[in-house]
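In structure tokens below, several structures.
Shared chain: chain A. Partners: chain B in the first complex, chain C in the second.
So, the complex of A and B:
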């Protein structure tokens, strides 16, 4: 049973990862390009310069293609919750349902209503109303993202709820604690602003291609100015919210932070690894050095995680052993893996007795066991873990994804600064010298780098929290349904084919549109 | 009342004219229609039934099933 269950877990995880990754290929461009076309149309509205209208319409077409191909790809994740992750779906109850319902009713309808005005309404509504519709479409997309991310944040940091063993659901007690949890807020800002950076890179990269071909220079300068600024502001805000995220993760998911840094034994004033190659021989408890090679910045991690250069940051082994710190941000005395497991066992035994008491309807016993469950519920999930190693995520994948994300994030910051400096440099003309062509190629290559960076962020967030579906409460192997591995495997390959086809359609239609429209004069509005 | 009619007529006109004058949009709508058909008719119905609904019709029964799953997997 155990072996079979592991196969189902692996396939279910792989399927969810596949569909989530494909879904995320479409989302950030919708979020960021919405803002960019909003800014462009605002400039048109204020200046009434037709060139800005032409530029707005060009990017709106690409926004439309991406939106159309990407729409509803996220619904697949909800199918998977109901079939593959049914224990989890039931267990989270309203906590997950409420944000998703708000997302569906408010944001989706808002987005889809105003997108029609945005595309069909140029000659039908006033310029002011059209501009408002464009911004409301962008806002609607961001509100959609907000509620999805709130739901995701709750899985990383369950709060604002109480567990009812009779209904087997977590019941929301404080909506605002869920919606405004520090994990949710940092996640929302980090994700949405990173989408601005990605979209800025997309706009600059597409313009780089056009300049390489020597087409529509003025249109490219206009576009790159907006794309460059939105991208720059996006990456600055992503860095700031990344700092907040690090503090939140240090407080609520210290194991994830330790995996992100390949940290096995922490210390006060812990350094941060700027660059490192992990030692594959390193295992929990052995004396091997965690790194074959590393360049570290003294006190870096302590400052990042606790905002105190001498703060204590626990490593993987410290967390397992329950070694505590005295620095800010670690006020609670941490429990060891074994102590957490003990609490989990008490909760689980109480749940089993509660189940028996339900049959006899003995209200005194029910109340007693309910209280026992409540007192130990925080560590319920540890009861399913046999060895401490099971509580540790995949360190190499988390570590390298995190460092790749940070490196490319730093590169994007530099990239946007250089782009803006060039654009605002007096007398700078985007020509076709050898050096400039190299720059255009760099801009083109930046598009996939931005996507990989964004994807790496999600790998850090999701792989780093393993083995938990819900942090400390429910590991994956409990969250999944009692299905066969073959069943999940079949749907995995169906999704692989369907989503790959959609991605090919998206990329080919976008490339075709860019190529076709770049051959026209993008300083004048198409009459058709 | 006439203002309302005028408003709804304009809404209908927006969509009718918009769809009629679409070029690239027609291709995109075909892709959306195929995608929604594959997602909701093929994939959802054939491969993604509500798992708990197959275990019990009532909320109490589903809760009991999940409780036993959690206890038995320990």
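So, the complex of A and C:
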């Protein structure tokens, strides 16, 4: 039975990961390109220069193709909470459902109404109305990101709720604590601005290809100016919000932070690994060095995580053993894994007998149980775990993804600076003619790098959260639906095949559109 | 506001969203006609539908989200339980979402016909299976719920081993499903008549209308007969559930205003269809039949959920049946969401306003011929 249960859990996770990854392939471009098109159309509206209209329409076509598949892959995610995570849907539905509903009411209708005007309204509404529609489409997409990220943040840092033993679920007590939690805010800013960076890279990369082919130089320069600025602003804000994210993770998910850094034993003034290769022989509790090779910056992690160069950052083993202090900026109570489990057990016991006490109207007992639940509930999830190792996420995956993201983040910063210099102060860039071709290629390669970087971000956030579906409260093995592994396996493969087939069509259409349109004169508006 | 009031209020909102969704399924109904339409006129139909598909899609997504927020136990029980039913519905909407955008684009790999087949699949599977899912709410399904199970790491909602396939195989549910399907085709014809300015399309859609509306009316009468003679689950004052014969009939009689809404809706649908068939110049059938549909569906939701009725009866264990009382969100969440719901009229208003502007001129062959690449499907 145990093994069978594991299988459903694994397949359910695999299916969610698959569908989420596919969805995330399309969302950032919608978020960022929406802004870029908005800026372009604004310039057209102000100058009434037809060239800007042609440029706007060029990117709008790609936006539309990408948008459709984003929508297609998104619907699954929403309903998957119910289909594959049935316990979860009840346990936290009282809190989690609200952002999803708000997302639909506020964001999706805005997006889907105004995108129709954006595409079909050129001749039906005034230019002003059209421009407003373009911006409202972009705004709708960002509002949708906001609410779904609020929901995601709540799983990382459950707040604004209490557990109701009568209904056996968490119930919301403070809407704004959920909507404005620091985790939600850092997530929203980091995710949305990183999407701008990615979209900037997309625009510059596509232009790189067109320039390599010697097509539509002026259009490319127009596009790269907008893409370059949005990308640059995006990456600056991404770095700032990434830093805030790290601090919130350190506060609320120290185990994730330790996994991100491959840190087993922490110390005050902890250094940060700038580059490192993990030692595969390292296990919890053995004396192997965690790294085969590493380059570290002294005090780096302490500063990143606590904004204090001498701050204390606990490692994986410290967290399990409950070692460590509560140095400045740190709210971590040093409880060991076993102690957390004990607390969880008290809550579990009280929950199990609460309803009996309720029936027998034993008010003293009821009061005692209530108190025990209140005091111990935050560790309830640990009672479902057997060994301390289970509380640790996959270290290599989290570590490498995090380091890849940050490295590419640094690269993107440099990339956009160079792009903007080439556009505005070309003389400042030595070797610009000699390495022109290489530059175009680099711009093209930056597109997949940005995508991989963005995807790694989600791997850090979600793999790093394991084994929890809801941090400390519900491990993923308790969150599932009553399904057989075979069922979920079947739907996994159906989605894998269908989404891959759609992705192929999507990429093919995008490439064809770019290639076809780049051969037309993009300094005039195409008329039939 | 009392908790019960909020629960009733949210059931009302769900009924409005559900009703709008059924109305908007005309997009699916229209899709089911595409492959049978002459290829010369197909672009007109596709483009007319293509501008509205996202509205239907978004209504479905919002319906799901709002159900999750207001009655999470339904989400937890039905979606995970009737797995195959919901997965098939979702799947049909996934393939719809790209079909319009990709069907005529260069480099679409699989060809226009492939995407039109996807539209056909969604056009049939969507309405039929959504109908089956709603029918399960009337006739009952096989599940049990025990919330305390979460403590020993097992699953609170259990379902029969066929996980939704059994619901698709039940004749009552299928009858309901096909009724929704023919309704969606009927409204689709009325929509085309309103939206497309083309003599040939008008003629063929009037023909389609008489055919589909005829079948729909027969199926509708059959479904109403089955519902009125079916047992339903009643909850007594102590919260105890039991099966009661003619429960839905009783509900209509106990809540006379629901019956009035139902009858008004039926009259409006019939008027919309009838006048459209008699007067070929009249284009407003969609508004009459559409409003009528919304009223009928709302009244059906009301007899399902109000008057101490379980809106999701369990055939395995009647005490597990879901009611708007035992499956709803907490008082706090329902209150918070009620504030959010105040925005709904604004959303509806801007959607109506935008589409009035966009649909001022009706779609013609000429517009399609003159449109740029990005402006047509």
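To be clear about the criterion, the second predicted complex is superposed on the first by the 498 of 528 C-alpha atoms of A that agree within 3 Å, B and C clash if a C-alpha of one lies under 4 Å from a C-alpha of the other, contacts with A are read in each partner's own complex, and residues count from 1 in each chain.
Note that in this section contacts are C-beta pairs under 8 Å (C-beta built on N, C-alpha and C of every residue); 3 or more make two chains touch, one makes a residue touch a chain.
Keep in mind it's a predicted model, so treat the numbers as computed, not measured.
Looking at the shared chain after the overlay, A:231 reaches neither chain B nor chain C. Once the two complexes are overlaid on the shared chain, A:98 sits against chain C while remaining clear of chain B. Touched residues of chain A, counted separately for chain B and chain C, are more numerous for C.
Of the two partner chains placed by the overlay, chain B and chain C both lie in contact with A:384. Look at A:115: by the touch rule set out above, it reaches chain C but stays clear of chain B.
In the superposition on chain A, no contact is made by A:28 with either chain B or chain C.
Residues common to the contacts of chain A with chain B and with chain C across the two structures: 61, 64-65, 68-69, 71-72, 75-76, 79, 82-84, 86-87, 89-91, 116-117, 119-121, 124-125, 167-169, 348, 351-352, 355, 384, 477-478, 481-483, 491, 494, 498, 502, 505, 509, 513, 528.
Chain contact summary for the complex, chain B toward chain A: residues 10, 13-15, 17-19, 21, 23-25, 27-29, 31-32, 35-36, 38-39, 43-44, 47-52, 59, 62-63, 66-71, 73-74.
Put simply, chain A touches chain B in their complex at residues 5, 61, 64-65, 68-69, 71-72, 75-76, 79-80, 82-84, 86-87, 89-91, 116-117, 119-121, 124-125, 165-169, 348, 351-352, 355, 383-384, 477-478, 481-483, 490-491, 494-495, 498, 502, 505, 509, 513, 528.
Here chain C touches chain A in the complex through residues 51, 54-55, 57-58, 60-62, 64-66, 68-70, 72-73, 75-81, 83-84, 86-87, 90-91, 93-98, 100-102, 105-110, 147-148, 150-151, 153, 155-159, 163, 329-330, 332-333, 336-337, 340-341, 343-344, 347, 350-351, 354-355, 357-358, 360-361, 369-375, going by the rule given at the top. Taken together, the chain A residues at the contact with chain C in this complex read 57, 60-61, 64-65, 67-69, 71-76, 78-79, 81-91, 93-98, 100-106, 108-117, 119-122, 124-125, 129, 164, 167-169, 171-173, 175, 348, 351-352, 355, 384, 477-478, 480-483, 487, 491, 494, 498, 501-502, 504-506, 508-509, 511-513, 516, 526-528.
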